[in-house]
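Report on the structure given below.
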Amino acid sequence: MKIGLYPGTFDPVTLGHRDIIIRASSLVDKLVIGVLNNSAKNPWFSVEERMELLRKVTKDMQGVVVDSFDGLTVDFGNKIGASVIVRGLRAVTDFEYELQIAQINHRLSPNIDTVFFTTSVEYSYVSSSIAKEVAKYGGDISGLVPEEIRDDLRAKCRQLAKGVQ
Amino acid sequence: MKIGLYPGTFDPVTLGHRDIIIRASSLVDKLVIGVLNNSAKNPWFSVEERMELLRKVTKDMQGVVVDSFDGLTVDFGNKIGASVIVRGLRAVTDFEYELQIAQINHRLSPNIDTVFFTTSVEYSYVSSSIAKEVAKYGGDISGLVPEEIRDDLRAKCRQLAKGVQ
Amino acid sequence: MKIGLYPGTFDPVTLGHRDIIIRASSLVDKLVIGVLNNSAKNPWFSVEERMELLRKVTKDMQGVVVDSFDGLTVDFGNKIGASVIVRGLRAVTDFEYELQIAQINHRLSPNIDTVFFTTSVEYSYVSSSIAKEVAKYGGDISGLVPEEIRDDLRAKCRQLAKGVQ
Amino acid sequence: MKIGLYPGTFDPVTLGHRDIIIRASSLVDKLVIGVLNNSAKNPWFSVEERMELLRKVTKDMQGVVVDSFDGLTVDFGNKIGASVIVRGLRAVTDFEYELQIAQINHRLSPNIDTVFFTTSVEYSYVSSSIAKEVAKYGGDISGLVPEEIRDDLRAKCRQLAKGVQ
Amino acid sequence: MKIGLYPGTFDPVTLGHRDIIIRASSLVDKLVIGVLNNSAKNPWFSVEERMELLRKVTKDMQGVVVDSFDGLTVDFGNKIGASVIVRGLRAVTDFEYELQIAQINHRLSPNIDTVFFTTSVEYSYVSSSIAKEVAKYGGDISGLVPEEIRDDLRAKCRQLAKGVQ
Amino acid sequence: MKIGLYPGTFDPVTLGHRDIIIRASSLVDKLVIGVLNNSAKNPWFSVEERMELLRKVTKDMQGVVVDSFDGLTVDFGNKIGASVIVRGLRAVTDFEYELQIAQINHRLSPNIDTVFFTTSVEYSYVSSSIAKEVAKYGGDISGLVPEEIRDDLRAKCRQLAKGVQ
């Protein structure tokens, strides 16, 4: 069984992420979405919340499971038996960073390869940080995050705004 | 009347910004310079100070006004009746970021378009953060910020240095 | 009256070009589409044919005229009284080339500035050469070139195929 | 059965190509290497010769077959039942071109996706044209093309040199 | 005597840095490695520690000395009599940033030029931050930092981990 | 004695080339400008003419000699005893190509290193092909090529124009 790992912060999952998940899951038998527990990034959503949002978005997809990890991506990949890491590519600066990460991961664990999907054109401007910025000021997030989680993102905005007061 | 919006942090206005302001103001009937009130960026100058510096630099220009905003750029653009957002482009990484912002802005408000000017070659290395770095160590800022505000930048350096002691 | 020049080879006009024409024409009072007579590029369509296709596509647009030129773009811009050259930007390699051309044009004729529009996301993969490649092999060109000229492109393909035999 | 298509000119196959073939073949059940019959590129080797060189290099690999095509890549992909097109990525300019091609291919045939592998660091400077340039002047091609085809490349050089005289 | 300055944070020195040091030192009579005292970057190692690690790595190299500075790079360059600043280039985003810095440095001090070496392919993915990330999670750092300092990096990890508890 | 090689087509030498020659010659004891005899590029000037133009431009420079070569750059570098190849960098696409060439050259001849200078801002848009394009249409070439060779470029234009008639 071919197992793929799609690692990321997913704070929160966007329509761009969902697009990669759908396409990657048709390439492997099982796709593990690995939510990175990275305290340095000051996420809006906790790891548990981000996993919950991903589960809402992927609940009807076959062969897709949601998990979390900290530490090196290749260590988690080996633990779950992944033979391939999946990443989305959007822009040139993405590409250079991702290329560097793929090379160091290959050095650390030659048995896991990295494959890239390019984001579909209609999601080329979509990112978690853009979605949060638009949501923060009450803009229209319908082209940015999946329908299942829009209320969660709006609720989180209200909650964060209260915390500031 | 064609109204343009030139949004930015302007902390402080540089010779590169002034170049774009002059060129953009000849393209529209009225150019609004919108100072972004972005607390996340830890600016050296307050929004009011940044507006004051911009007013010094543009006081002899026809059809140029200085304003401030927080929230989404397109919301402010709609409020002031702008039909076009103006941005300067310097480097490839600038370009990618600006392209993404232009696309999300177009999605949020299709009635406002974004046009880009490329920075003149003599200002291609000029940025607010470079100007502050040079000023901080007493370097020559004459090719970086307009003459009208050089003393303000030097005074701010002395003031910030005192604060650290 | 503000006059803009949109120069290019237009062999043939694409949906991406049409998008730029519509947006640029709302920025200036008159937009001149300048078809470059560049024998070096081995075009499929003659200058006259390319102008005719552009006229079909723009016939209902106000303030848009089609012309042709050879020589330097700024010389033609000065001849028609243009104050601004309009260009579309798609990718990073576009950007660098366009930046270089804008800088040399500015040096040759400082009174004409260059402004850039970024291609709308849905046309980000569209170019004249891609349209010709797809048409040549009988692929679907409906998302690539305007409806008014699709039959012309298909007819040209048949004509070129005959010429080869 | 998952079928992948690795299209290219392969004039001739390099160590970089071989690296992608090995890695891609482990991702799919059958990998078809599709040699593009592109007369415009003035190849050194005929389509038949390029297929023969690829067969030498891949003769011990399971699930790898060599074929040729002209026309649109997605048309060939559909003909052989491919669900995925495989491409290697080396540099930023590669990336932009490949992204554009992937987008047009997706538009022409949404049922075929494109995945990218990034070239291993030790082959990051390897290309068919570099290999030909080095071979032409008698340089050392051992880090550029697979051992099985080095004599073929040297023989082709001698043959082409004779043709010039 | 031609003196070169190789400025950087070196937190800690990597195999990529050592590669540049060896190559640059053969270009000048004396190479000064200037450790930047940049408090803003939250380094793992103090300036003194970083200098000590560099001394371990360069102790057998002729004409290489280690020093530290704060302030503008060109001011330090002038103080030590350098005629050339040496920098390594890895990726496109590196290049743009480095180009901008070289241009501002040239403006501030025209007598000092900047020359660039490109990182050797085998170190193209190596950086201080990658080395720290791998070390933090107990990964293999042998292809990332010189042998002489591997124990120092591991010891620092243990020390920092204790500090968090 | 440190010998540097500055290889190129120089069809013709530009102000950008001259800038690199001046700066590179201060880094080495002897700088050899190597004019590449590359028939594939359809140069305006013959190898002898290009060498003659370079000699005019460099006649007052100490330690600069003009030579020509065909074949691999590193072979010529070894023949003249060069320890370093000098190249100018202008844009991102330049950088990628140059990086690839530096890597293959390093593989072919590890004893010769490549160092890069970045073009001064005032020459960032200057290239031989731009100079020829401007000259061809009678534009102002004074900011593009050195004064010593302007008449030669104009004369060549007239000569080529006659050849076409």
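A, B, C, D, E and F are the chain letters, set down in written order, and residue numbers restart from 1 in every chain.
FYI, a contact is a pair of C-beta atoms (placed from the backbone, for glycine too) under 8 Å apart; a residue touches a chain by one contact, two chains touch by 3 or more.
For clarity, every value in this text was computed on a predicted model and none was experimentally measured.
Matching E-F against the pairs in C-F, A-E or B-C identifies B-C as its interface repeat (over half of contact pairs the same by residue number).
Centre to centre, using the average C-alpha position, subunit D and subunit F are separated by 33 Å. Averaged Cα coordinates give subunit A a centre that lies 39 Å from the centre of subunit C. Shown for subunit D are the residues in touch with two or more other chains, namely 92-93, 96, 99, 103, 121, 124-125. Pairwise, the chains that touch each other are A-B, A-C, A-D, A-E, B-C, B-E, B-F, C-D, C-F, D-E, D-F, E-F.
On subunit F, the positions that touch subunit C within their shared complex are 91-93, 124-125, 127, 130, 133-134, 137, 139-140, 143.
Within the complex, the subunit C residues that touch subunit F are 71-72, 74-75, 92-93, 96, 99-101, 103-104, 107-108.
Residues of subunit C touching subunit A in their complex: 92, 121-122, 124-125. In the complex of the two chains, the subunit F residues touching subunit E come out as 2, 23, 26-27, 83-84, 89, 92, 95-96, 98-99, 102-103, 106, 113-118, 120-121.
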